[in-house]
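Both of the next two complexes hold chain A, though its partner changes from chain B to chain C.
Let's turn to the complex of A and B:
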């Protein structure tokens, strides 16, 4: 019989624990990922490979965001590069200003402004570059710019009930617009070359191996934090509403929920996470360019999520790591053919593993392991069935 | 502007046209507080459209719908629900991958905005309410069952239960016994009668036997217009109704 106590929520700390680690499996899965990111990879990878892993992890931020808005809430966005770029460019603008102090740019016509502005006959720092003189303000903007962008974009669409493929195409066209905007404004954003030659963060040289290592750890920790935050959201009533409106939109609407605000929320959340990833990417790579955030990278990000399993937060991280790593390996080994490999892998995933790597684990590996663990006992259940069959025949 | 009334629901001159086709045509309908009203009519009479109009799923072309003297025609779906109208769909609409308990919990009428639902805590009051409703809808033993594995009839009950958790003043049900066994129908008839003691209920139904069991008053709809209103007996003996149902 059910009792009240089994259902009411426990005290806060216990509740928080339950929400983050719903069961043993969720806890173990999270610990394995933590160990992999914080111990295994740093111990076994060369500085160069670890640096690559750090960059892949930046894409994992976007993938986690896509799990939230695409996998869970059913909003496919083909324009996440836009938000990745928002964070990336904010960080790049800050670093570029720091790299363009009057002494190191003394040979320019106008010293003290970024080099590409000087080449494009811009003689004064534009007003929208001003906030990036301050680091705290930059951090704030890394969070606020994608939020505002995502809100303005999604609010009117979702209010007008634009969903599904139409919304996906709109996001894609938005990211294409952004690409053209940056390329077209060479004097203000560095054009197709991007913002390059980034050296220090508040005087700390980000190009050295030791700082790359520290950035890798910061990146991993922030990613794990984002996963926990996402888990918290999903385990709350908000998370259940998100999934429910994906499957049964009308029922949710006629239960008195304003679906628009829920969709806007999850879209903004995904945008902010992606932006954090973008900012960390700039720090680790040392430059930011429109080709890192355009239409093609945006689709790549959806592929990472699909390969990892679009409903699995942990799967998204593995997906981003595995696909990016495979991309690197293929392109190193077969420079001419790797695109075909890449496309082939994606088709195979869509055809045979619609739930991605997470589905492979849930539906195959887990079942297989369970069966294998049960075998040593003489399987009393199957014996019983045989007995009853015998009885039936008689 | 029409004057205030004592009716819980007052529909006046309601018309909706889809590309010139009037699915509901100058409909006027009053529902009393505490009344259980059944709307019947042949296929295409506009029954479901009337529910769509009341619940805000479809926008009216003309006319007014007032609920406790609040005009509904300009309101959004969720605002109408929050004003106190619950609606069940023709095919059971439940969340298959959630348990019965979670299905009911999601309908609990507090903290329905984004940040409220992030904070939402399963307090004792919530759980008590859900237990109470679960018992009413005969699912108290199945709270932990995933909803997609319920029988068809149980799914119908669950959706009715989701409305009860919302505690609306007016409940609208679109064919609540469709696909139920005879036994389930009888149980549902009792359930609906019990529900109607505390609130007003509007039901759309095809099954005449069932209608006879539950209805106070029956409204017959045909081609978007009301052709007869009265007790079940009066309606069944009406020549126009017979003609409409049996053909010309």
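Let's turn to the complex of A and C:
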């Protein structure tokens, strides 16, 4: 596809198509995921299970961001929970303001402000809550807040050539810092309890089954859009530089690229995607609390990515779904065993499957299926099952 | 602060800086282990805090055993308990290096994840086999007393012991690294692994002993940790983020930097905690460190950086 003919092709849509789907496999993988998210799950899952799947998909946003920033660009961030939380809290603050109109909070000392503020002797809405009275501003802030945070936090460090484990440790401290910040400001952000009792979005009740279903579809569509956008970036020259600097930083630097800006870009990109996931998470769950975004959840998000395959965008989605699902099932039934198993997953992935499920597919199943297909007596049914595990892209 | 006399303010400052000093000691003891492991093998050990907890549990259980069976030994058992804590953490560290870490050299980001998984497993082990509730050690009376240099200054004895121990371990470690045969091998491996190997140093064994030694040190830290707080399966997680931050701020490759940054963190956090609530003090502490690191991105004292 790199031949001259392709690039001189006047048709824009064809060019775009080639950028998004490098080969047939990438297209099939994407279509299978689309079918799974938009047809299979909604048709076969009960409303409760579908709601759970919707929540897991919110983590998939973070996982996709981590594929871009960790898998492709080599920047491991243990603090993605911070951006997830930024989006989640922006949305929660908007919903909370809507839920605490003067009529329903009439029993408070100061009607019209969120209940936890009233409990903490705050008598006036703080200035930084003002923008969350308007929905368009909230949506804007969901995109801008993580962008600014990520920029400030990464620019100076990348410029000073902080890399690898040091940056990972720094991001972990940052998410710890945010956790303490929220817990310490009980009157302004709800403290350890978080922001709860969220009811409506512009008058639309988000707690009903029908609205949960609509939110699930919005979530899936946005996730697919994010994956396509990430693919578009990766297939551009920008994406090539990102991968190149991961593998051979000095060589890229000597070639005249300003690596700082590339790294900051991909870190901010991952942050914004995570923030979108966080905002959708708040909408589906109906509350936001610091314990959803602390140090431990942030590392969980990394393990979603690692299980799915740190270099595979589609794998990240499967990883987030699989690990979260397993967590829900097992951690309730066998809490003790689950922790052993979960810790074991971290070790096993690192030791035996550094490329995650995507690597398992690419190195084993795909080869196996190909060998199978050569034989004339191939059973087409077994092939279909294997293809449902497709999660490779690039 | 108008109601206080000069004398009282002076006492508060002294006591507050002493509590900062105790925090410093914990940071140094944790940081020493992390520093050795990272310097030698390029491995980030997220499970390091669990070795501290392991030391604490050894101390607690041993003290319970002594007070139940040999009450007359109560005043002296610490002399036995500290080496025992060291031995337990050393042994487990030896096994961990052998089974897990030795397969992950030069994959720093991966060790980070693997050792996090390890720490989850350890925590669950504590929970399943020892119990999820907090326990504390039966301590001899002399350790829990206070020392009063003036009428208004109270200095806890356990803090003094911790301080003495930290100094002793640090001096011992420096002597060990510079004077002993194994220390020589450790330094040689750190500087040039291939060449040391070629010259007949068993680098694998050196790595294993180094890792176990670092774990043993945090086991000792854990034993003394019981004199200040009770032990629970997740007690270590409160310190791991801070200890790594100490390491990063110090410059990852310098022992002097480790001390300076541990002092910086310990004293700053106890001063901040005097003026505001605990969690806001943490926020300011972190923010100050982030800003300092923005200027000195390689830490305050970086000898040479390995990533």
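Everything below uses one rule, namely that the second predicted complex is superposed on the first by the 362 of 394 C-alpha atoms of A that agree within 3 Å, B and C clash if a C-alpha of one lies under 4 Å from a C-alpha of the other, contacts with A are read in each partner's own complex, and residues count from 1 in each chain.
In the analysis below, a contact is a pair of C-beta atoms (placed from the backbone, for glycine too) under 8 Å apart; a residue touches a chain by one contact, two chains touch by 3 or more.
Computed from a predicted structure; not experimentally measured.
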- request: Check the residue A:240 against both partner chains and state whether it touches chain B (first), chain C (second), both, or neither.
  value: first
Message: With both complexes superposed on chain A, which partner does A:165 reach: first (chain B), second (chain C), both or neither?
response: second
Query: Looking at the overlay, what does A:157 touch: chain B (first), chain C (second), both, or neither?
result: second
Task: Considering only the touch criterion stated at the top, classify A:39 as touching first (chain B), second (chain C), both, or neither.
output: neither
Message: Taking the superposition on A as described, I'd like to know which of chain B and chain C A:262 touches: first, second, both or neither.
response: first
- prompt: In the superposed arrangement, does A:351 touch chain B (first), chain C (second), both or neither?
  reply: second
Message: One more residue to check, A:180. First (chain B), second (chain C), both or neither?
response: second
Message: Touch test for A:251: chain B only (first), chain C only (second), both, or neither?
response: first
Task: Name the chain, either chain B or chain C, that contacts more residues of chain A.
output: C
Message: Can you tell me which positions in chain B touch chain A when the two form their complex?
response: 55, 57, 76-78, 81-82, 86-87, 89, 93-98, 101-102, 105-107, 109, 111-114, 117-124, 126-128, 130-131, 140, 143-144, 159, 162, 166
Query: Okay, in this complex, where on chain A does chain B touch?
result: 2, 4, 7-9, 15, 233, 236-238, 240-241, 243-244, 247-248, 250-259, 261-262, 265
Message: Give the list of chain C residues in touch with chain A in this complex.
response: 38, 44, 100, 103-104, 107-114, 116-121, 123-124, 127-128, 237, 241, 244-245, 247-248, 252, 277-280, 282-283, 286-287, 289-290, 293-294, 297-298, 307
Task: Note which residues of chain A are touching chain C in the complex, please.
output: 76, 78, 153, 156-157, 159-166, 168-170, 172-174, 176-177, 180-181, 183-185, 295, 299, 302-303, 306, 336, 339-340, 342-347, 349-351, 354
